[in-house]
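The same chain A turns up in both complexes below, where it pairs with chain B and then with chain C.
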Partner chain A sequence: MKELVRFENYSLSFKTLHGKVRALRNVSLTIQDGEIVALVGETGCGKTVTGLSIIGLLPENAVYSGGIFFKGMKIDRETVRRIRGKEVAVVFQDPSSSLNPLYTVEQQLLDVLMSRWNMTRSEAKERIPELLKQVQLFDVDRVLRAYPHELSGGMRQRIMIAMALACEPSLLIADEPTTALDVTVQRQILYLLWELQRAKKFSVLFITHDLGIVAQLADRIVVMYAGSVVEIAPKRLLFTNPLHPYTVGLLNCVLDPRRKKLPEPIPGSLPSLTEISSECAFRERCGHAFDECSISTPNLVEAEPNHFVSCHLWRGQRG
Partner chain B sequence: MVEVRNLKKYFVLRGKGLWGKKILVRAVDDVTFSVQDGQSIAIVGESGSGKSTLIRCINGLVKPTSGQVFIDGQPVTLLKGREYREKVAKKIQMVFQDPVTSLNPRLKVFDIVVEPVLAQRRMRRSQLIDLVNDLLQKVGLDPKLSERYPGELSGGQCQRVAIARALSVQPKILLLDEPTSSLDVSVQAQILRLLNELRQNLHLSYIFVSHDLGVVRNIAERVLVMYLGKLVEIGPTEEVMDHPMHPYTKLLMESVFYPDPNVEMRKPVTLKESDGYTGTGCNFKNRCVHATRDCEDYDMSLIEVSPERFVSCIRWKEVNSWSN
Partner chain C sequence: MSLKLLKLAFKNAFARFSLLIVLIFVAMALTAPWIVPYKEQALGEPNMAERLQPPSLRHPFGTDHMGRDILSRVMYGSRTSLVTAVLVVFLSALIGVPIGLISAYFGGFVDNILMRFTDIFLSFPPLLLALLIASTLGKGLFNAILALVVTWWPWYARLVRSQALSIKTFAYVEAAKAAGVSSAKIMFRHILPGCIAPLAVQCTMDMGSAILEAAALSFLGLGVQPPKADWGLMISEGKAYFLNYWWVPTFPGLFVLLLVVSFNLLGDVLREMIDPRLRRRMLV
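Moving on to the complex of A and B:
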């Protein structure tokens, strides 16, 4: 498998009136060709900005160091234009706010096709029915004439996926694409995404907080906490042999609808992102913290083949 | 202790345009159930199924179109003023979905927590301080937080404040409208633990609305499944979740993702999306794979299939023998 995206010691902070908010700290990860990587973590752990960093959709006050490489090319202000909306497409969380309420669905699909492929209007029109059928929307005429508010949430999200796929991207970033939807619709949308991915072999960066979805959808899982990557592992390994104390805690919080078992909460709450400096961010909530943890941030090390963890404890055990 | 009898709430909507036809939305349509002392029930269903409207009818936030709600045997629908406070507000309190918007941003935690008490009766300042300290400790918050504003607290802390406020009048029943759905999993776990503890210590009953079946399994003894305003299935949580009988409950259970990497991604049953209320007959018939002509005239009354277990499907026998 070829490497598609690589984050190399990528750090990101936002300058605000209350000081520097360190949104991402030394993030290193890769996305291979044709795999589904899930980025999981809680609110504020930096999973969404990780996705946005790839396509350069960051606010003015963002300061970053380190680099992101797409097919070996470093992404910066100039090169990002070559990939955004072409090689990389995004499906956001809320389909109603990512479609333009003033234009019909047809117009918005035409815009994508015409700008991506330099098609004429009539060429683009011919492509549209096929795109909609791909996302299981069969009532083509009605959907095309509709404005976004006339469609259900599930239909809107299908249209977002159709727009993303119209770009024929090599990477699809899906940022909590089904959080706003009902469970029955969620299952349909995710199955659709999974099926399309299997057929077209694009890579997916799937951002979510729902470990239930991840367990069935992802190939590899990246766990983030307070702006750092704490663990990376293939799906099965992460669930059966989690190494980082945060991952263990997170898995204990997850509810399984098949059995009754009260979750075991992780004590404490998230640290403030302005105050983190050089220590391990999970130190204060971790039952295993020792001296080393307040001195330096652990590096991501390969604990077993393909399984990376950033925890002093782990290195301690080994040595 | 709480009894809901033939409760209906219809809303009238305008169709397209200025002169559009009136559309009747049956948000809650002929719902009957009861909750015993100390019992916890969950109402599940998709958005628009009427579950929030239903619990809002119980405490009078929404005026029902017809039907009655009884609390401790007394009818309480449409009560106002003093009588409402005596018969409803003292006994039932509510915790809302989004803790941040359900707390007044301009009041301190202290004032938020004592507000329901002061609506009931007067109390001395010193008594109030004791009360607040006690309540905040009960919900696992530092009493020092009472001088803070909600904006200074995290989502989990805000939800604890909302629970403290609800407990301030020592109610017997809490109405919980998706109390953890806007929280992160680790915080959700804390709140669920708290709710479980409180229930045991204070002998509370919960009427719980949720779409998260993992939460439901952990907190409720009985489940009511709603679909477009109608109850489609009632039963003990384990039985309903392990052996759903109504085609809609089956669909719901099949849609859930389990946090287990050994479960393979499977093809969902392809159904049409919900097209709203269909007029006559079974609500679910247009999406149901088992629907026949009989479903056109079925009024969706609940059928007792075993003790404590009710299903509103006229073909429940066929549906369940077919799938086994």
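Moving on to the complex of A and C:
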């Protein structure tokens, strides 16, 4: 497998009136060709910002260090233009606001096709029915003539996916694509994404806080906490042998009908991202914290093959 | 959708009235050379034999101090008034809209530079600037229009900027950026259409104000020059005769009033149709 995206010690902060907000700290991760990587973590841990960093969609007050490489090319202001909408496509969380309410679906699909492939209007028109069938929309005429508000949430998200696929990207960033949908539609959309990925072999960065989705879909899982990567593991390893106390906590939060036990929340809440401290970000909520944890931030180490964790506890056990 | 709005508009008496008046004025301006009773007099030829005649069948609005038929001149005057109004509004929007869009879209440094630049223009009193332009570049209709445009475009820049600032944060703009759409295309295809509604209201309302301002400039002798027919100029020329010959300045004045009120009503109706919170009131 070839490496598609690599984050190398990528840190990101936002300058605000209340000081620097450290959104990402030393993120290092990779996405391989044709693989589905899930990015999990609670709200505000930096999942979305990680995804948007790949295509440079950051607010003006963002400051970053380290680098992101796409197919070996460092992403900056110039190179990002070459991958947006060509190599990388994004499906956003809320399909009702990601489509422009003033244009028909057909117009918006035409726009994408014409600008991506330099097609003429009539060439693009011929491609559209096939695109819609790919995302299981069969009432082509009605859908094309509709304005976004005339369609259901699931249909709109299918159109967003169709628009993303029209670009034939090598990486699809799906930023909580099913959060705004109800459970039955959620399942359909996930299945659709999975099927399309199998057929077309593109990579997916799937951003979510729903471990149930992760369990079905992902090849590899990246767990984030307070802007840092705390654990990276193939799906099976993460569920059977979670190493970081935060991952364990997350798994305990999932309601499992087979266990006769209520989910256990992780006590406390996310630390402030404005404070600069050297201690492990999870220390205050961690049941296993010891002296070392308040002195330094742990590095990401390979605990077993393909399984990375950043926790003093683990290094302690090993050494 | 626009058809629905039109139907809605026709349910409203004010809308019907104002639209009708505006259309009559437009038709009058377009056909004036063929329908005025005394074309030469409308263009300025004196007719001293019939000086200061009161309204009669021959001269429904009477004649002025040079014996010219006031009805003909008032009808001809609608041409300059409407041309001025349309040009001032169109040119102001043409300058102001792109500046507002660019300012809002790029933000930061660009925004600061462009907005301080607009502030400079806003800080001049319009009439004073018009006087300045007229005295340096000379009197005339074109310079009057120029003077008005220079003082008006900042309002369009500000209006569009404030609207664009809110639209820019919508997810579909973000999605367009993610899809690699160029900045120019995002501005004009995704942000500008959302600004059209308030812009249409502003333009319509400004038509009325532009007519008023243009008349004021002509009244001061800075706009249209005699012997051409223009409402402001006619009021200015007629003011000396007002006490004894009331019809001389009264009819051009009434025409200004009627057209300005119509444009303002139309603007009001447009705003009410666009703003759903006001829409209910309109149907009563």
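The rule is simple: the second predicted complex is superposed on the first by the 314 of 319 C-alpha atoms of A that agree within 3 Å, B and C clash if a C-alpha of one lies under 4 Å from a C-alpha of the other, contacts with A are read in each partner's own complex, and residues count from 1 in each chain.
Just so we're on the same page, contacts are C-beta pairs under 8 Å (C-beta built on N, C-alpha and C of every residue); 3 or more make two chains touch, one makes a residue touch a chain.
Quick caveat, the model's predicted, so the values are computed rather than measured.
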Clash or fit, chain B versus chain C on superposed chain A: fit
Vertex chain A angle, Cα centres of chain C and chain B, expressed to the nearest 10 degrees: 80
Comparison of chain B and chain C by chain A residues contacted: B
Touching partner for A:H18 - first (chain B), second (chain C), both, neither: neither
Touching partner for A:G212 - first (chain B), second (chain C), both, neither: first
Partner chain(s) touched by A:E264 [first = chain B, second = chain C, both, neither]: first
Contacts of A:M155 with chain B and chain C, given as first, second, both or neither: first
Chain B versus chain C as contact partner of A:E42, first or second or both or neither: first
Touched partner set for A:R121, first chain B, second chain C, both or neither: neither
Chain B versus chain C as contact partner of A:V112, first or second or both or neither: second
Per-pair minimum CA distance [chain C against chain B, superposed on A] in Å: 7
Overlapping contact positions on chain A, where the chain C interface meets the chain B interface: none
Footprint of chain A on chain B - complex, ascending: 46-47, 154-157, 184-190, 192-193, 196, 211-218, 237-238, 241, 251-268, 270-271, 273-274
Footprint of chain C on chain A - complex, ascending: 52, 55, 57, 60, 81, 83-86, 89-90, 92, 94, 97-102, 111-112, 115-116, 160, 163, 167
Residue ranges of chain A touching chain B (in the complex, touch as defined): 42-43, 152, 154-155, 182-188, 190-191, 194, 209-217, 235-236, 238-240, 249-266, 269-270
Chain C residues within the chain A interface of the complex: 107-108, 170-172, 174-181, 185, 189-190, 193-194
